[in-house]
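Two complexes come next, and they have one chain in common, chain A, joined by chain B in the first and chain C in the second.
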Partner chain A sequence: MATLTISDKERFLINQEGQDFSHEAKTFIKIRELALKNLKDLDFPTNKLEDWKYTNLRGISKIEFRPQSAINIIAAKVKAHKIPNLDAYTLVFVNGFFSAEFSDTAEEKDGNFVVTNLNTAKKKFIKFVEPYLGFQTRAKDQFFVNLNAAFSQDGAFVYVKAHQKLDKPVHIINLVDGDLVAAYPRNLIIADKLAEAQVVVSYETIDTASALSNVINEVFVAEGAHVQMDKIQNENGNTYHIGADYAVQHKDSTFTINTIPANGKLIRNNLSILLDGTGCTANLNGAICLNGDIHVDNQTYVDHAQPNCDSNELYKAVVNDQAASIFNGKIYVNKIAQQTNAFQSNANILMSDDAKANSKPQLEIYADDVKCSHGCTIGQFDDEALFYLRTRGIKESTAKKVLLEAFIGEVLDNIKIEAVRDYASALIAKNFNSKN
Partner chain B sequence: MLKINGLKAEINGKEILKGLNLEVKPGEVHAIMGPNGSGKSTLASVLAGREEYEVTGGDVDFEGEDLLDLSPEQRAGEGLFLAFQYPVEIPGVSNINFIKTAVNEVREYRGLPNLETKEFMKLLKEKQQLVELSGKLANRSVNEGFSGGEKKRNEIFQMAMLNPKLGILDETDSGLDIDALRIVANGVNELKTKDNAFVVVTHYQRLLDYIVPDFVHVLYDGRIVKTGTKELALELEEKGYDWIIDEFKETV
Partner chain C sequence: MSMSDEDKIIEEATTGDYKYGFVTDIESDLAKVGLTEDTVRFISAKKDEPEWLLDWRLKAFRMWEKMEEPDWAHVSYPKPNFQDIIYYAAPKPKKEYESLDQVDPEILKTFEKLGVPINEQKALSGVAVDIVMDSVSVATTFKDKLGKLGIIFCSFSEAVKNHPELVREYVGSVVPQTDNFYSALNSAVFSDGSFCYIPKGVRCPMELSTYFRINEANTGQFERTLIIADEGAYVSYLEGCTAPQRDENQLHAAVVEIVAKKDAEVKYSTVQNWYPGDKKGRGGIFNFVTKRGICAGDNSKISWTQVETGSAVTWKYPSCILKGDNSVGEFFSVAVTNNMQQADTGTKMIHLGKNTKSTIVSKGISAGKSQNSYRGLVKIAKGADGARNFSQCDSLLIGAKCGAHTFPYIECQNKSAKVEHEATTSKIGEDQLFYCNQRGIKTDKAIGLIVNGFCKNVMDNLPMEFAIEAKKLLEISLEGSVG
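And now, the complex of A and B:
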């Protein structure tokens, strides 16, 4: 009898099968087929790859994660993950599947915008979806990007028509409920010419002993459009979160993404911004405050493909206990991208002896009239400032909080929606203290 | 009010205070002078509770409490205030929020309720005027980008807000122009009552024209080696420290 040996990856991929996508339009099935084909030649990234030097995901390949729709979702458990005082179009996804009963959509064909789930949009608004979906994620070499492209269950679809703006933000809530869940939510956000959109994406947990959230956000910012995205990662300590955010910007557009990785087991974020028109501004901010043994790895890539664009990156981390924060920021300036302004700053405060921070700026500049600056610092808590505050009668715990809030506050100030800023601040403040 | 007895302290294994005695009573002003590196700021830091210093001998009684047993914030609550020689810049923390937090935490320590916003603003205005501190500085980050003089006035402003029993001023006069010096000195004189006391560390007689001390001490090599009245300061200005050091060496 012949024995058949299969690799961990192959077994993992077999576990992801069994979802029926045959009802989808051919154009979308093609995306999945291409991704499956790419996956044949790919494997889980290991430390041997330069971009994965500090984050090893081999362990995931042995876990029996599977797509699973949640049964019996309890309303109260979903509502607990709303952001207090946030007036928004709320779209709820559980384990990657759309949960219509907890969502409010805007689908009028002649409306100024569309807010719905991607599967609905693939049918009802195919002409809006087709030119964009998967356009930025054709990376042949990215295992998890292809994994999501192949198996994504659903996601949010936001389309703002030219010259229009969303009358309120969209809040996309992604929840996981159940053990060994593999969730592949995938959002597509399009702001047409001179349009405006604010999107909040949060990732949280109802309950799981082990889960994989493999997510993609794909954003298109047309000429003169403004998109702001706040990404809050607050899953439980049993969850691996591997995310990729893509944005392509056209002439004179602005895109801002604020990333707040607060809780989870392991979080990896890959941000890729393509500045594909002149006069663009991209803002990438990260407010990172970690305790326990969470491992967070933020990778950013800003491609200055056209002249006269600005990119501003500010990532700040407070790392407690045995937690680790990794930052790798790449800036690529094309030889035609004259008058580029690219700023990058990464500051880290280590709160304990076991806390770790790694920071690596990478600049590749082929134009000559360019202003680029980067700076990274890894330091301890400022004991001088702490002592100063305490001599004024401020308790040590209060003084620490005041100083850390001031440090992280510079990043959080970029969150323009007050309710979201308050929510993020509260998550962060919880992590100021040791979990040990 | 304050009784320091044989105080010894070291940092990184180096002994800086070598058996220092000092007594301060309510209503008094003491000046401490002495050459660079003699331990004046060290004394101030140890009294304020800086943890880098290890106290290896002696004791300090403050209003009947064992001062060295208290945390820096408890000492502030008990009524000790240190105006730093080098005030710390704290980016991102607004001066007004900082002082509001401080006032309310000290009040809490003293068993008093938080100040109502209106009362706080009134106090704030009054004390800003006292040291002629521009209201604009209130919204800036604590000491960040403040000029040398502004930083020192901010220290006195904080002292006025917290209304301590004992104020220790570590070279608050250094780097001040004549107007700022007068303002700072006026601030202290306004705060002075028969129930509180001040210890003023300085290198210059100039300040003591405005804040008239009851006693002048010379700190040298971690000890108070001479104590006199305000005339001693004049003498020091004229003759320097050598004669005192010689005198001291003879007695040892």
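And now, the complex of A and C:
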């Protein structure tokens, strides 16, 4: 009798099954079915794929990650992962599931906005969710995007009505608790015409067990709207984090995303911004300070589909120990996107002999009336600046810290909420201090 | 000036026809169409090669059969049918020439049209020319003078006959047979090429120059160049090409290998003007070239300078492996694409030795409906302490239908390395044009000025005679708006 062998991928997918989504509306089940269909043809990305040249995820397929709902979450543990001094609507998700107990939802407060979990929104606000959910993520070729689309349990839903402003930021806390958890949180953020919203998303783990966080953030920025998103990744050193952020911007809108990948085993961020109206501005920033043997891979893709848009990218990394920082930025300027201004800058400082930095800043330009530039540097702290500080009686470790603050500070300044900036800054200082 | 005038100039600039399209009628000795093991044996036998070289070719051929054509470059073209190509064409050997009078006047006329300095007057200008016409060397000058210094400068076949030990030691040492699809193909069927050896401590007193020319319809051109600079040697090597107009795509897959030993320096300059196809993109040369140099010894230096104006599709990455400590690699490039041309070109700088330095300056100019890409790799290996790289790639866009792209790869594994990369893309500045117009300079002249200024720091690296020719080519390529 022939033995039945199944591939790692198939076994992995079987492990993810067993969740019941039958209560969902047909339209959402369709999204899951399509994703499952796509997964059949896809496999875990390896570095043979150009987009995954520096990051190989085959290893994940061999680990028995499974979706698990968390039981007995202790309030103190959740509290420990809140950002100090941050006054915000807090939504807590544990292992991808909504934790109402620790969250304060604001459903149609004064009729101006909705801050709740996605599963509630799927029922109560289906008219807002349906046109947007999964709209950008129908990418057939992305394994992890489809994985999340198929198995996502819940996530945050933020909707701001036209001409309205969220009175305080929304803080979405994603916690992982348990052994070999596969968490699939998925957030949907919609800012209607001229609306304004600030969203902070943080990813944290409760203990040190290995986990897989496969996350998606979808953002829609309507005409003239402003959305700022801060993304803090602070998971334990055994956790794989594979995230994708999608944003669509319409006429005259502004979208800013600040990414702070601080801790984890492997972090991969795929940012994809579509500038689908004239006069848009997109800002993408990354403040990266790594230690240990973490592997961080930031990919950005800015699609200038319409004329007169600006995009600015600033990614700065300080790499210690055996850590690796990868930046792959792509700017695509469509034929009709005249008067495009696109700037991209990536600076890296290597602190140790085993640290690695790879950078691939790409421009693909099909319009002629454009100003596009990118710059990339890899180097060290300026010896002369260090010497200058030391001649003034500042000891070397302090001087280096000053230089670090100056280097990364340029990125952190883009975080508008003070409490979040302090939190991010502390994470970065901690990573830097461990060895230097 | 009105918009329509400007459109007209751009129109003219982007529809200029190839000026060097003419065919020389010389009988050729052709191989059978198609590629099999027999073709490889035929070529090897025809050239009277030793057995080790035939084995070497066959090894490459067997590997090539298993390889697939690469498709990662940012170009699209009908894949050549490798069984539809004649792999060997040599001008009929008449007899050994002693002076230029004996050379086929047709050939001489062709070179005259190109302005090739082959006659005695030109010889006085200090250029030794090893002419490769349809794959076989026809004439070599200055051999005696170079011979006295111990410099070997001859065709590849002659080198195989006269200096087999050198060829055997170095061929394939920088670009292995199996490096990529086209280098494997070249290794199997290469027809001829140039060989250059500069002995220890010798500074080559003149610039060595080879003119390549594709002449027979439907013949692939598979050149192989090997340059070896022994300890402390110096050579400046020029390669230039123009090709006659053709309807069918022609494949050109050359391999160039450079070895620079301790304290040696090699400067390699190219002006490339293969037939780019007509305005609609018909015909034109496919140029898939593997060029690589190794700074094998300490304090050695390899410098690539290229001006690319031709070919329908270009796929070319002159690279440096900086193995010796304190070695230096340089890459200066101007790539102009017009009409339907596609170019995917750049360099690789692989830093292995300590205190190695590399500089990359790449200028891309796209016009018409062309696509121009820079693709480069800077790799700093773990042991490359104090490595330093500076890269600059600028693109200039003329017209709204062209594209300019940049794909740099930067990999760094050493904390003491410094790598800088910057790239810009823009169109010719309205303010610069206005400034020139205001001072009575016509727009087409002004565009010429700006383009020349844009390329200046690459052109400055070309040897003088070459710089003049390169400038001329640049003007022809963008005629109407330039100069």
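What we mean here is this: the second predicted complex is superposed on the first by the 428 of 436 C-alpha atoms of A that agree within 3 Å, B and C clash if a C-alpha of one lies under 4 Å from a C-alpha of the other, contacts with A are read in each partner's own complex, and residues count from 1 in each chain.
Just so it is clear, a contact is a pair of C-beta atoms (placed from the backbone, for glycine too) under 8 Å apart; a residue touches a chain by one contact, two chains touch by 3 or more.
Given the structure is predicted, the values throughout are model-derived calculations rather than measurements.
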Query - Fit or clash - chain C, chain B, common chain A - result: fit
Report task. With the two complexes superposed on chain A, say which partner A:Asp353 touches: chain B (first), chain C (second), both, or neither. Result -> second
Requested in this report: With the two complexes superposed on chain A, say which partner A:Leu34 touches: chain B (first), chain C (second), both, or neither.
Outcome: neither
Query raised in the report: Where does A:Ala406 make contact in the superposed view: on chain B (first), on chain C (second), on both, or on neither?
Result: first
Report task. Please work out whether A:Leu180 is in contact with chain B alone, chain C alone, both, or neither, and reply first, second, both or neither. Result -> neither
Query raised in the report: Who does A:Lys395 touch here: chain B (first), chain C (second), both, or neither?
Result: first
Requested in this report: Check the residue A:His374 against both partner chains and state whether it touches chain B (first), chain C (second), both, or neither.
Outcome: second
Report summary line: To the nearest 10 degrees, chain B and chain C lie apart, as seen from the C-alpha centre of chain A, by 70
Query raised in the report: In this superposed model, does chain C or chain B come into contact with more residues of chain A?
Result: C
Query raised in the report: Between chain B and chain C, what is the tightest CA to CA spacing in Å in the combined model?
Result: 13
Query raised in the report: Taking the two structures together, which residues of chain A meet both chain B and chain C?
Result: none
Query raised in the report: Any idea which chain A residues touch chain B in the complex?
Result: 382, 384-385, 387-396, 398-399, 402-403, 405-407, 409-410
Query raised in the report: Considering the complex alone, what residue numbers of chain B touch chain A?
Result: 48-51, 71-73, 75-77, 81-82, 84, 87-88, 90-93, 97-99, 101-102, 105-106, 109, 141, 158, 162
**Report entry** Partner chain A, residues of chain C touching it in the complex
**Finding:** 72, 74, 380, 382, 395, 397-427
Query raised in the report: Mind pulling up the chain A residues that touch chain C in the complex?
Result: 50, 335, 338, 348, 350-353, 355-380
